[in-house]
Amino acid sequence: MARVLRSVVTTALAILVIVAVWEGYKWAGQQTGGNWPGTGIELPVSTDDIIMPHVSDIAAELVSDIRDGRSTLPVSVFLLKKAWFTLQEAAIGFFLGSAVGIGLAVLMLRWRVAERGLLPWINVSQTVPLIALAPIIVTWGRNQGLPDIVCISLISTYLTFFPVAVSALRGLQSPDSAHVELMRSYAAPWRTTLFKLRLPAARPYLFPAFKIAATLSVVGAIVGEISIGTKTGLGRSILEFAQRYAVWPERLYASVIGAAVLGLFVFGMISLAERLVLRRTDEVVA
Amino acid sequence: MKLRRLVQRGTSLGPAVVVGVAGFGLWEGTVRAFGIREFLLPKPTSILAELQAEWPVLRHAGWETGRIAVSGLLVGILAGVLLAMFTTRFRTLNEGLTPLAVAVNATPIVALAPIFNAWFGITGTLSNQAVVIAVVFFPVFINTARGLTEVHPDEIELMHSYAAGEWTIMREVRVPNALPFFANALRVVAPLSVIAAIVAEYFGGPQDRIGNVITSNAGFARYDVAWAAIAVASAVGLALFAAALLVERVSMPWRLAVGGSDSNNNPGRET
Amino acid sequence: MSTGGDVPAVVVDGVGMVFNEGTGGEVAALDGIDLTIRAGEFVTLIGPSGCGKSTLLRLIGDLLTPTAGGVSVFGRSAHESRTGQDYGMVFQHAGLFDWRKVQANIELPLELRGWSRSDRGARSSEMLDLVKLDEFSDHYPRQLSGGMQQRVSIARALSFEPRLLLMDEPFGALDEMTREHMQSELLRIWGETGTTVVFVTHSISEAAFLSNRVIVLSPRPGRVHSIIDVALGERTPDTREDPDFFAAATTIREALRSVGGAE
């Protein structure tokens, strides 16, 4: 309980500090006419209301109305609706990517030669900016009659499988030889060893990877939306509001905050799952 | 002795080479056999041909994107390491900042690109570099700070028994201890910097870079050129990844001497 | 290496140690400890878990500050003695730096004292000779066995010729054979250097074999229960089968039983 309280206080404090720095910088800049104090050198970021709107204006924007198709609703609800769409894409990508990652890890565990053959390429795959291929993937997907949501999920999948594959392999290989020998002494087949020993042992390795993967799946979904021009989603909103920045700068900030909240939400969900799954072993240790 | 190690390395790379050749062969074969149209999946050979034909454009674009990625990478690393070293000296600051950094790192940082465009303008490369810096900074900071603080208590006690000061402890214990953690972050952020640079390009900036070459050629259905551009970006990312591995080996000779393995095991994560 | 006449190596005077003082979660680790260790002595601290023997060792080394009483080392306060680097310390885990080769590990305290490279090299090869690891100077710690690592750790602790050696269960992680070998080596080194040794252990036979005196601590809070003199003369491998050795071990075992420390 104390931990929860402490993290709440820390978060509040952090937000407060960020707001104070933001408004402080803005205030100081406006005192000096946008220059470093006592010089004619411009500040790196202009402090006017377009470039740096007041925090209160951004907050107010969250409750002000926006048109969404035929209906009118508050910006925050609007962003939530968009985030829901993005979350679906990210979730499909996350689960597909995790499945592929764990599958690859099991494959590499089973055959040492598969590890030697695949692992370097799995590493190389991270240097391929597939995210840049989003337009091609979507063209391809549309030709196959796949909905955009699936196409974008594929981008998330590509970003997601890597951390899962690498950590799952490490986790599956983590039991020490005594445990493996114990299973062998029971004449347990490979599959039983996998399910009774290796997978449970891999859990502490998997969850940190799931956290990274969850964040990446959101990144993939947002970037996917931006690069292919979907009709909805958070990425779409960010792009749209970025184009109208000169009129409504607060909206861009609101949508970026929405993206951050979505990222934190999926991260939080995985952390929660981690607690639930790993709690029993914790209790044994404690 | 050396020769034997070289031969061993060669044979350990064997399966990877086989998989690579087979993979590309399969790709080429499938496209040919099923007559898959180029706009869906170009053959490796036609990508190679475009790579040659469009080389001047691609080289320039790769160079420009690479410059942004590398400069952002270096600044991000420097900032992350310096802040980590600074906060290590003040425990409360470190304990407050690390969870915050973990939280920020859980957000899609690339979404900041349009804001950075508004701040730093879209005529120069500064706003794109800022995206790369932000993406690189957090993993480096989080890992390095962990490496600097998660030191075995015996080692600190030993240094105290020598009446060593904080600075000596930093130099002799904390920094070497943090190296594997830092190296892990480096492996992640090196290729990431290229991807961040490309994503940032979607939001604007000069139009002569890899991201733009990909989108504009994809727009004209010249997918083989787009793929060639991706190959160039991968090469840049791969070069940075290789550089990260090289830094890892050169800075930590003791790891090479002990395990000799260069597997993917995150060396810093003691569990 | 004059020991300064009759100045005792360590004087522990009415020392008490309470952790978390003033927080409500107080733990009294040590209470009213009086102890004098003569120069050149080999003294062992033994007692059940929680008796504060490691804490006492750290108080002597000024790695912790007592909440009551005082500690002096060779006539100076423990703090002065630490800043003057009067003692060397050996931990249960060798605590070598992975990133330094064996020789560089031994030279670490010398570097911190500003010795020149050639002086350091001369001393570290002397030390490697002393612990019989000359061939391994160019290895990294992880390439050595546990026993070898611990020998490097001892060499590191002795490299600057401290008058006092503090050892916290240094052989606790070693197997029985290595352990007995290391014990003999330690006694040989002790004989060659004349250093005072304060040695923390769990092992009754180790205490009996090594020490001039065994200090038995009782737990919660740690107090000196009894001090047992062990007079076995020159130790040889045969000492381990000597009836006097068994008698000493029995005395220690009974003292431990009476403080509730069944081994």
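Letters A, B and C mark the chains as written, and numbering starts fresh at 1 in each.
The rule we apply is simple: a residue touches a chain if its C-beta (ideal position, glycine included) is under 8 Å from a C-beta of that chain, and two chains touch if they have at least 3 such contacts.
All values reported here derive from a predicted model rather than from experimental measurement.
K.L.:
Suppose you hop from subunit A to any chain it touches, then on again the same way; how many hops at least until you reach subunit B?
P.N.:
1
K.L.:
Let me spell it out: compute each chain's centre from its C-alpha atoms, then which one is farthest from subunit B's centre?
P.N.:
Of all chains, C has its centre farthest from that of subunit B.
K.L.:
Find the most central chain, measuring centrality by the gap between its CA centroid and the centroid of all protein CA atoms shown.
P.N.:
Closest to the centre of all protein C-alpha atoms: chain B.
K.L.:
In whole angstrom, what separates the CA-based centres of subunit A and subunit B?
P.N.:
It comes to 17 Å between the two C-alpha centres.
K.L.:
Centroid of subunit A to centroid of subunit C, CA atoms only: how many Å?
P.N.:
So the centroids are 52 Å from each other.
K.L.:
For subunit B and subunit C, what's the span in angstrom between their mean Cα positions?
P.N.:
47
K.L.:
Touching residues of subunit A toward subunit B in the complex: what are they?
P.N.:
It comes out as residues 7, 10-11, 13-14, 44-46, 50-51, 113-114, 116-121, 123-124, 126-133, 135-136, 139-140, 143, 166, 169-170, 174, 204-205, 211, 214-215, 218-219, 222-223, 226-227, 235, 238-239, 241-242, 245, 249, 252-253, 256, 259-260, 262-264, 266-267.
K.L.:
Residues of subunit B touching subunit A in their complex?
P.N.:
12-16, 18-20, 23, 39-41, 96, 99-100, 103-112, 114-115, 117-120, 191, 194-195, 198-199, 202-203, 210-211, 214-215, 218-219, 223, 226-227, 229-230, 233-234, 237-238, 240-241, 263-266, 271
K.L.:
Tell me, which parts of subunit C touch subunit B in their complex?
P.N.:
Touch list, subunit C to subunit B: 58, 61, 63, 82-85, 87-89, 91, 93, 95, 97-101, 108-109, 112, 139-140, 142-143, 166.
K.L.:
With touch defined as at the start, can you tell me which subunit B residues reach subunit C in the complex?
P.N.:
Residues 152, 154-155, 157-158, 160-164, 168, 172-173, 176, 179, 252, 254-255, 257-258.
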